[in-house]
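Same chain, two partners: chain A is paired with chain B first, then with chain C.
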Partner chain A sequence: MVPSQEAHKLVLSFADDELCVGQNHSWWIAIGPFLEEDLAFTSIAQDELGHARALYSLLSDDIDQLAYGRDHSEYRSAHITEFLCHDWSSALVRHVLHDMAEQVRWSALTNSSWTELGNTAQRALAEENFHLQHGLSLLRRLLSSDEGRKRLEPVVLELAPYGREYFADSDQELMDNGLLTVSMADQERIWVDQVLEVFDEFNITVDMSEETQGSGRSGIRSNDFATLHDEMTAVIQIDPHAQW
Partner chain B sequence: MTITQSDLETVRSAVGSVKDPEYPDLTINQLGILENVVIDASSIRVDLVPTILGCPALGIIEEDVKAAARGLGHEVAVRFCRSPVWTPDRISEDAQQILANEYTIAITPRSGRTQCPVCGTTSLEKRSDVGPTACRSVHWCANCRNPIEVVRSREASDQ
Partner chain C sequence: MEEFEDFLDAGGVVEPNDDMPESYRNAVFRFIELHANSEYMGGLTERDWIPKAPGMHRKLTALAKTQDEIGHAHLLYMVAADLGIKTREEMMVDLLEGRTHFHNVFHYRVHSWTDQIAVAYLVDAAALASQQAVFKNCSYGPYKRILRRVIAEEGFHMRNGEEMMLLMAHGTETQHDMMQESINRWWLPAVQLFGPDSRPGDELLRWHIKSERNEVLRDRYVQKFVPQLLGGGFVIPDPDLRKDPVDGKWKISEIDWEPLKKTMRNGGPDSARRIADARTAWQNAEWVRKALDSSAQVPA
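Coming up: the complex of A and B.
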């Protein structure tokens, strides 16, 4: 049983974020920059889709309907997860920003008063260490080269502020009933500090002071969402009763 | 029909013998995927622990478990548990031997360095975070010069 409407919204936001990132990552299958990265990125996509499935299943038995059958305005995904990132540099930066946020978000749920959600968070967190370790080590190696820095720095500056939207859910009620154990404001602060620290190593100063740029939590989709949604629902549109 | 303790035992043994789709020599019991067989609302429920949440084989395992129970005349429900968290040390000793000998797959130990399943040294060097499946990384043994796969632990300390 979902404890409340606010709890439903929180889980749906997280699930939609995971679905969009998983779908976007999967576009790199077979075209990753080198074989090992292709395999790793694909596996991370698989994990994120698995997390989406686990979260949706807390809300409904019909997870396909939740994942694919809603009106665009009913999705709650943060815009940073919807961006198509057709350049490898932006795909990599989004991967790192997303996984840093995931660490913080899952950690805020492991002791949730909603036991099933807490267990899901512990289960997911166990898979996340590898994602972040992988993404950060590659990012650091690339930022250490002139070419890598030239291509990555503008993307970091552009994408990072969008990540603040990960923490744009309302949390008063969730904090009061122990469903969430770290407030959204504190989660955001932890994430921002970690992001600033990572890029500070390379003397890249990210300006996070701007107002949150996305508005995905309130039902407004980014320009890229329609393309993403068409792709992920291509099969179900052809055959709504397909079994796989 | 009343379910007896011996019914549960028979079902447990049958579903425990279901082969894992990725390792056809090993059963879900040996791999630590089978958690429990219990009576739930006057029917039998099988609790399974997924190795990873995004495992694409979950649907196959669920169908195979139901079919194994059906073979004994029992309809069972299958539940994938979020708790406990699956870790490589849930793999039984004998299964770890089969993985080492037949597949050259090593398991990250709780403490200490991972041993090469071919030569027994700890000369493994990581070559790729991910191998043929999401839960295994690929290493190279600098001593016996064999490619080795390692089942990743939850801490990812499979170095």
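Coming up: the complex of A and C.
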């Protein structure tokens, strides 16, 4: 039983973020920089899709209908999760920014008054440590090289500001009833500080001062979403009522 | 060599640091390299349809399956590298430059979701049958140990393929038709995976790398899969398919092996695109490998 409309929105935003990122990560299978990385990235893709599934299941018994059957305007995904990132540099940077945000977001839910959501958050958080370990160690090693820095810095500067949209949900009611234990503003602050700190190690100064970029939470989709959605529904749409 | 062959005949198992005749080392290496290349190219064959997999469950299963294939390639390349003939990187470059080979079935394009099912059901089953026959009596220790895991996972893939095939068999008319089209495309390549009849004196058999002749494995496959497909209401794309009235066994048409030879020389229907895609991905990511190598040399 979903406690409220606000709770529904919060979980749907998170689930859609995970769906899009998991879908995007899965594009990289078999074409990563080396086999170990293929294996790691594919595991992360599965985890993210698993999170999406767990979150959708809190909202509906028909997960596929919710995940794949809505009009574009009904999705609430943050634009950063929708970007195709068919360049490995941007896929890696998005992976790190996303998992840093996930850690903050799940942590704000582990003691939720909505018990099922809290339990889901605890399970997901355990996986996040591995994702972050993977993403950050790879990113740090690459940023330590001239070529890595040359390739990654522009991507970091471009993508990082979009990450603020992860925290663009309303939260007053959720805070009041204990569903969320850290406000969106505080979560955003924690995430921004952590991101600035990571890149500060490499003297990369990310400009987070602009207004939140993207408007995914209010139903406006990025340019990449249609491609992503066409891809994820390519087979289902042959016959949406058939069992596949 | 005679002594070595006696050792193998008596069930001897060879480990990487053991003395072994160079011809044996080369034969085992080529065999494992072909297997590793095939697992990797299998992953590339399947990746086209993973983002399109219908529904969350299928997407997760497809990802896990292809991850298994890449994992097999990873293990096999390491086992092959331990033989000291080529490094992992050299094997990858040889594959992407078209100098080495991979199994015929991965030279075709996956055109639809039901092709993906046919790969899991028909192709993985054929690969599994071959691998089981190698595992049974394999004289090279590391390969045998890896095969134990590969076979366990391929078994899952095949059952997953079978479940999806049955769903299509009993699904809508469109689904059944799609599955039939895919069977039309994949039946012959799957049967050809076993290769032409084994040559007399095949050294892979003599050295206990393989344990069964190609034609025996192929026939066993036909006996198992013809009834399954017919049971699903499908037609086998072979006009001369018949049941022998004497021994009651299914007989397929003579196979023309010439096209297979061309395919195996990387001249199959989708070989060029597949190899080019893999090569582009490998080249695009060269900077990552180089940067990691250079940062590994910096003391922490």
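In this text, the second predicted complex is superposed on the first by the 239 of 244 C-alpha atoms of A that agree within 3 Å, B and C clash if a C-alpha of one lies under 4 Å from a C-alpha of the other, contacts with A are read in each partner's own complex, and residues count from 1 in each chain.
The working rule: contacts are C-beta pairs under 8 Å (C-beta built on N, C-alpha and C of every residue); 3 or more make two chains touch, one makes a residue touch a chain.
None of the values given here were measured: they were computed from a predicted structure.
S.K.: Determine, for the superposed model, which of the two partners chain B and chain C contacts more residues of chain A.
M.R.: Ranking chain B and chain C by residues of chain A touched puts C first.
S.K.: Touching A:53, do we find chain B (first), chain C (second), both, or neither?
M.R.: both
S.K.: Which of the two partners, first being chain B and second being chain C, lies in contact with A:15: first, second, both, or neither?
M.R.: In the superposition, A:15 touches no partner, neither chain B nor chain C.
S.K.: Have a look at where A:120 lands relative to chain B and chain C in the superposition and call it first, second, both or neither.
M.R.: Touch status of A:120: first partner only.
S.K.: With the two complexes superposed on chain A, say which partner A:63 touches: chain B (first), chain C (second), both, or neither.
M.R.: second
S.K.: Identify the partner contact of A:147: answer first if only chain B is touched, second if only chain C is, both if each is, neither if none is.
M.R.: In the superposition, A:147 contacts chain C only.
S.K.: Is A:242 contacted by the first partner chain B, the second partner chain C, both or neither?
M.R.: second
S.K.: Between chain B (first) and chain C (second), which, if any, makes contact with A:130: first, second, both or neither?
M.R.: First partner only.
S.K.: Tell me which partner A:104 touches in the superposition: chain B (first), chain C (second), both or neither.
M.R.: neither
S.K.: Output check: A:231 vs chain B and chain C. Expected answer is one of first, second, both, neither. What do you get?
M.R.: The second partner, chain C, only.
S.K.: Under the contact rule defined above, give the chain A residues that sit at the interface with chain B and also at the interface with chain C.
M.R.: Shared contact residues on chain A (touching chain B in one complex, chain C in the other): 35-36, 39, 42-43, 46, 49-50, 53.
S.K.: Going by the contact rule at the top, pick out the chain A residues touching chain B in the complex.
M.R.: 35-36, 39-40, 42-43, 46-51, 53-54, 116, 119-120, 122-124, 126-127, 129-130, 133-134
S.K.: Using the touch definition up top, name the residues of chain A that touch chain C in the complex.
M.R.: Against chain C, the touching part of chain A is residues 23, 26-27, 29-39, 42-43, 45-46, 49-50, 52-53, 56, 63-64, 67-68, 88, 141-142, 144-145, 147-148, 151, 231-232, 234-236, 238-239, 242-244.
S.K.: Per the contact definition, I'd like the list of chain C residues that touch chain A in the complex.
M.R.: 40, 43-44, 46-47, 49-56, 58-60, 63-64, 66-67, 70-71, 73-74, 77, 113, 167, 171-172, 174-175, 178, 277-278, 281, 284-285, 287-292, 294-296, 298
S.K.: What part of chain B is in contact with chain A in the complex they form?
M.R.: 52-56, 81-83, 85, 87, 127-131, 133-134, 138, 152, 154-156
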